[in-house]
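Here it is: the structure, laid out below.
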Amino acid sequence: MECASSPARIAVRIQREDFDAAAQANALTRGRADVGAVVTFTGLCRDEGGKLAALELEHYPGMAEDEIARVAAEAESRWPILGGVAIHRYGKIAPGENIVLVVIASSHRAAAFEAAEFMMDYLKTRAPFWKKEHLKDGREGAWVEAKDVDDAAADRWRAT
Amino acid sequence: MECASSPARIAVRIQREDFDAAAQANALTRGRADVGAVVTFTGLCRDEGGKLAALELEHYPGMAEDEIARVAAEAESRWPILGGVAIHRYGKIAPGENIVLVVIASSHRAAAFEAAEFMMDYLKTRAPFWKKEHLKDGREGAWVEAKDVDDAAADRWRAT
Amino acid sequence: MSQPIKLSYFAWVRERIGRPDETLQPPADVRTVADLIAWLSARGEEYAYAFEKATVIRVAIDRKHVKQDSPIEGAREIAFFPPMTGG
Amino acid sequence: MSQPIKLSYFAWVRERIGRPDETLQPPADVRTVADLIAWLSARGEEYAYAFEKATVIRVAIDRKHVKQDSPIEGAREIAFFPPMTGG
């Protein structure tokens, strides 16, 4: 038997359209009985106490896909992952709407939780996306500032 | 204004029927714009390499609800949780079917991830459920043995 | 002064003892969970078999986890079961 | 020996410079990302404004993150942007 290179287990998509988290998660487990744990993370747009009309998500086309694929490849090398999906939206997103989805399927829960959290931490600090606020009073708000706490969250995966 | 006691934010259900993880997660975010992160954990029945026909889940009625509610209350006291659901099934469950669901909604992803993982770790070691294997060859298999790794997973939340 | 107590058994503890529950009235000198396990174990082979590795047995009094040195006074229901394997 | 390089700008770097991208041919003594930032900053107010806090600026060469001491030789596309805020 030929030795084929293993296919990417975590699919990556960058899109303007909304996604269906449940359909994505179900597709990972359908017709198989080796998945014991599925962790789904959905990141949503908050209205920041009512002041926000929308977030405008700018991205670097091409690099956004590549960088999330690199994060996914690292997750696959660190945890036994049976399947996964990472979807990041761009464009104008209203409060309550989805921004990002990470789903990880594994035999065991610790791997699924860790890989999903790792993906989110790395994606937040490495994927080329930027959020600009649009305020309810019609004004264009500021660019969202990167948080030290996100860098710290990503850094903790280096110790392991 | 009267000071009402805060309602339980994490609903707990013990049931024989399957659950719809997506419907549960969607219900937590519908009509609100303060949720920034939803973590959904689904635990499924594995076929253990093809040998398993089903798992029979026995539980201690009454105590199962109470104990998961205690775990939920502790999660609510430790993390800023906006809403959540914990559902544990009992009875005969075939490979590929759902066993357990934990959904946590929060403003921020770290709280949602940690609270969901805490709930699962505690639920595994404290909720009175027991799994018995039914084998494909018709034989009644063994009771699943508790794993030290699950105790260790639960114990690590004490250090924090 | 001892009261009748409902005893419940789950999983292989239930299978070994051969019933899901029963109501018994232990003597007054059975004060702790460990005393109760010892008293039950002396009642018959099925109990001795269920409790042969007494330290692995988990116990709940009135639906709350307790340790084996816990007093049983006032208990209405005491449940015995193996380590949990839910989730 | 220097080649024309496509420069891309994102978020407030793009807004400050006033264009999403451009193709420039830096002189041969511009060898690293830091050299390039210094050279651009001297080209006009808009660049000086975009790069006023040069250390916070993130840089990618051919769609991979690099540090500011990285050599730019052979680069086809160099992108400048603020710290990422996706997710």
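When the chains are written out, they are named A, B, C and D in that same order, and each has its own residue count from 1.
Here is the rule we go by: contacts are C-beta pairs under 8 Å (C-beta built on N, C-alpha and C of every residue); 3 or more make two chains touch, one makes a residue touch a chain.
Keep in mind it's a predicted model, so treat the numbers as computed, not measured.
Counted as hops between touching chains, the shortest connection from chain B to chain C is 1.
We define each chain's centre as the mean of its Cα atoms; on that basis chain A and chain D are separated by 27 Å. Centre to centre, using the average C-alpha position, chain C and chain D are separated by 72 Å. For this pair, chain A with chain C, the centres built from the Cα atoms lie 48 Å apart. Residue positions 43, 109, 120 of chain A are each in touch with at least two other chains.
Each of residues 87 in chain D touches at least two other chains.
Under the contact rule defined at the top, the touching pairs of chains are A-B, A-D, B-C. Residues of chain B that touch chain A in their complex: 21-22, 25-26, 29, 31-47, 49, 95-96, 107, 109-110, 112-113, 116-117, 120, 149, 153. On the chain A side of its complex with chain D, the touching residues are 43, 57-60, 62-64, 66-67, 88, 99-100, 120, 123-132, 143-146, 150. Partner chain A is touched in their complex by these residues of chain D: 8, 10-12, 14, 60, 63-65, 79, 81-87.
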